[in-house]
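Just below sit the structures, each encoded as structure tokens.
Next, two complexes with subunit A in common: one pairs it with subunit B, the other with subunit C.
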Partner chain A sequence: MDDARISRSGSSPRLWLAGGWLLLALLAAVLAPLIAPQDPLAQDLMLERLPPFWLDGAEPGYWLGTDSLGRDLLSRLIFGGRIAFIVAFAAASAACVVGSALGLIAGYFGGWADRIISRIVDIWMAFPPVLFAILLVAVLGTGLSSVIIAIAVIDWTRFCRVIRAEAMGQARMDYVESARIAGYGRIGIMLREVLPNVLPSIVALLSLEMGIAVIVEAILSFVNLSISTDDPTWGGIIAEGRLSIHQAWWVLVFPLITLILTVLSFSQFGEALKARFDPVLR
Partner chain B sequence: MLLQRFLVRLLTMLVTLFGVAVVVFVVIRVAPGDPIAMMLPPGASDDDIARLRALYGLDKTIVQQFFIWLGGVLRGDFGTSISLRQDVLGLVFDRLPATLELATVALLMAVAIGGTAAILGARERGTAFEAGIDIASGTALSIPDFLWGLVLILLFGVLVPVFDISGRVSPQLDLPFVTQFYLVESLLRLRFDLTWDLLKHMLMPAVALALPLAAIIAQLLKQSLKEVLDLDYVVLARVKGFSETQVILREALKNAALPTLTLVGVQFTFLIGGTVIVERLFSYEGLGNMAIDAVINRDLPLIQGIVLVFALLFVLINLAVDMMYALLNPRLRHG
Partner chain C sequence: MSAACLDIRSLSAVLPNGQRVLRSVSLSVQPGEVRALVGESGAGKTMIGKAVLGVLPTSVRVVDGDMLLEGEDLGALQPKARRNLIGARTALIPQDPLTALNPSRRIGPQMTDRLVRILGWSGERADSRIRQLLDEVQIRDPERVLKSYPHELSGGMRQRVLIAAAFAAEPRLIVADEPTTALDVTVQKQILRLIAQLQRDHGTAILFVTHDLGVVAKISQKVSVLYAGKVVEEADTAELFAAPRHPYTRALIAATPRYTDPYASLKPVDETVLAGLAAEIAAADQSWRPGHG
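On to the complex of A and B.
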């Protein structure tokens, strides 16, 4: 019970810090056209590789500097957040629904359903995930929906494995037996009794998966396979920054900090939520 | 018992590999875009296109194509790369050693860093030092290898440029190697100047790959060590006058390592999967980097070959870990 108290007392500042950053980034992305100081696509060769505001040679209005085409970095980061959050929510939700459903079925029903689903998970786990993602996007053609589909198709196993194990544990509990004696059907028990008990894990995984989706999208745009090259994406900015690293370090540093904060926040937020909703810890 | 376990695992492994082959084949064949059209100059005649389709077997049904391809694979014939016009297996074997060396160095680093952190954390349990290790490993685990790679490029490639951030070896060097295992061969030939150059290129991608795994080892091994340290026989060793470090190293470690070992196996496959993007990031000439080029060039035979080799590597590692677990676990050994 000591552990429970520690994670419980530790959950609040974590929840607020992580949630605060995510809210800020999300708001910036939603309000991008209103708050971005410049047009994220406007190129100006007179303004190329301007440093961030505290360095000599900075221009007012270009707070984080510009890239090698003279595009405003802050505005590109704000607009890039739109793609990142759309992919995070859509891909993670899709992976969550498919993976949790299959995990529940495999764990609760066992038998043949479990054997088939587990075999598919094994096959999926034998693929290098990044290569699989790149391959799927190459096959589907670049674009927002391809990226979302690719991530969902690959990452449903993360939900499936965890939820299967948890549902298996729940299926052996006394309350499931009593529900059956009380005359509930198997699917009814699975949805009304088992699902609420594995929900904290699903929520935590969902938050974690959103962070992973953001990274995968960044990796795909890094190798130039995400959406059209015109729209700013965090991975695209990083690819640009990797190339001009010796001339303009800020083009790599700021998207990198943004990505790290976002990924850390999603995982911390998930764990804090889990600690909050977990009936045992509560 | 052991043999039976091995045979069952071997069988599931083959089923998994067959599944992987089917999935890759199907995914690639539903791809829009004609790889043949990309190989020919614009304005090629329909006859030429048809002849080339027949040459690559693309005129048959998809099921026929699959079994022709699978039959070839079983004989070691993975086909010919469309973009590089070379034997796929040869290309894969040329690049695989670079990836294996990188992954192995990363694994060794992860075990060294994670193991040290776990032992120190278990020795100083309940102190601020242990809490520090928990925070460090939590952070290392939450940030994926791709981002670690970028952080390292900035820190040690730009801010303090001590390591190389691109390539496998300095291009101006004259390499005497006959195999692709450069690191191993440089050691065998006692050419430590080359070893050093290779390590300078390999260190940062290896650290990027190692950090998340090191964090997992640190967390899990520390937890098992702390559990074992309360058991009677460990208490007895302490009473005998061994220091805490000696107790951990001589008594606790060998019993606490087993659960960690199982997890390290699975995590090692994740590490190898990570080489794909980390190699790209550091322009390291390994299999993963070639895979991304193959996807971009829509080189179907090459992609199939590379994915299968990765999958084979993954299932072999899982098999090896499983067997090691069975050998080391006394309950299974005598069962």
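On to the complex of A and C.
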């Protein structure tokens, strides 16, 4: 009856803008060796601090300029995107699976399960997340897998809290009681009746968490605790750009814009997806 | 061998603080009969329904009494066997059609799912069955309804779907928990008529929970009047309206608003009646010991 309204909200500009940027960034990251104009690690002191293409003194092939070691900024951003996306997908998925499962159990079963899980979440959230991440990576050692583990270990509580609250609300609904009366088992009801109703929230949170993972990875890179310093990362480039802000502002500004656009796109994309998936909202 | 469809014998339940919510409730529903359970909010009507269906809140504890479903003692069964028995022989028509359907699943699968997964019917059999039931509840465009999500249907439509779903598995007993309370007055009448129609056609016994004496008069053959978790009067419906014995019942009937003189007819229950009830309940609690009664 309201097909027109559904398709309009489904094709909201927000979904397409955010999705478009993410797709572009993801494709660039995946195809980095093919499309990066330069070797992201190649130093050339003759080409140091070249400005972006529209300013005087720019060199063709170095579209966004170079850093103080003469490395091509665009190529470094493209290669940095690889690590950003790997961390975003892996860490957010791990946090999502653990946090959503525990949240669903706590919210649906209540009682002891809820008390234990909720206390753990309370304790967990008392740690300042960034310090916790730095501590974890310091203990686990730097490297891609440590970063992913650290983010997942810290951020599962986000999923747990939200999904617990949603599952609790759903568990009180009459349809859950009707399913009990009909003879469904508790776990069956949790998975078949409750989970589909919290799924839109899980999707939105997952996308949001990917953005957060990108930020945390950048923070860890910024304090030199992410992966090896040779591989370009957005946080690493920002850290270097900070040092030469007066000589070459672009080294700081372009990775910041990339980071902000990506994080914003993840959160907006998640919200738009939620609106699209949720049969009641749309 | 004519076992009652539902036989509740001196059922008592308490809250964790020891407060009694059901006071030695006894009532029975014969096969094919509609038994109304009336009382004001908090009298324990819904609690009885939930007890029968095995979905009491965890905070409420049954401390006494038996419930027999077609002669089988629910209390004597293992939880799994009890669930299966209740699932196969009973159904619920819930109060609020807005929350009683899963919002994220289409109506069709939601209705057939129980027949297929719980009762082991084939998909085609379940499908033709629910179409037949949708026809019985006078849904004219079953195709659209089956493909809809619950939020795409009106409250009255959803309640029809829920009635169809309740009758689909041909249960022996249906608990109808204020099935018309959440609906518009105009829709209430149609829904009530539908329930009565399907009840007659299918010969299903119904425990009809309501606070509305007008509904009681229309649909039930027997009535139990509940106050503070205690059955204060039980009678044939016609008899109850013709000659109510308990003062509380008389007060309830007197309090029913009439169109001819709405303000004068809207009387609160008299204080002396309430005092009498309080004394009656105190006396019952005095003599009551868990396990004896």
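One rule holds in what follows: the second predicted complex is superposed on the first by the 271 of 282 C-alpha atoms of A that agree within 3 Å, B and C clash if a C-alpha of one lies under 4 Å from a C-alpha of the other, contacts with A are read in each partner's own complex, and residues count from 1 in each chain.
Rule of thumb we're sticking to: contacts are C-beta pairs under 8 Å (C-beta built on N, C-alpha and C of every residue); 3 or more make two chains touch, one makes a residue touch a chain.
Not measured: the values here are computed from a predicted model.
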Contacts of A:196 with subunit B and subunit C, given as first, second, both or neither: second
Subunit B versus subunit C as contact partner of A:129, first or second or both or neither: first
First, second, both or neither for A:60, with subunit B first and subunit C second: neither
First, second, both or neither for A:178, with subunit B first and subunit C second: second
Partner chain(s) touched by A:246 [first = subunit B, second = subunit C, both, neither]: first
Most subunit A residues touched (candidates subunit B, subunit C): B
Sites on subunit C touched by subunit A in the complex: 53-55, 58, 83-84, 86-88, 90-92, 94-96, 99-105, 114, 117-118, 149, 151-152
Contact set on subunit B toward subunit A in their complex: 12, 15-17, 19-20, 23-24, 27-28, 30-32, 139, 142-144, 146-147, 150-151, 153-154, 157-158, 269, 272-277, 280-281, 288, 291-292, 295-296, 298, 303, 306-307, 310-311, 314-315
Residues of subunit A that touch subunit B when the two form their complex: 119-120, 122-123, 125-132, 134-136, 138-139, 141, 211-212, 215, 218-219, 222-225, 238, 242, 245-246, 249, 252-253, 256, 259-260, 263-264, 267-268
Residues of subunit A touching subunit C in the complex: 1, 111, 173-175, 177-178, 180-184, 193, 196-197, 199, 279-280
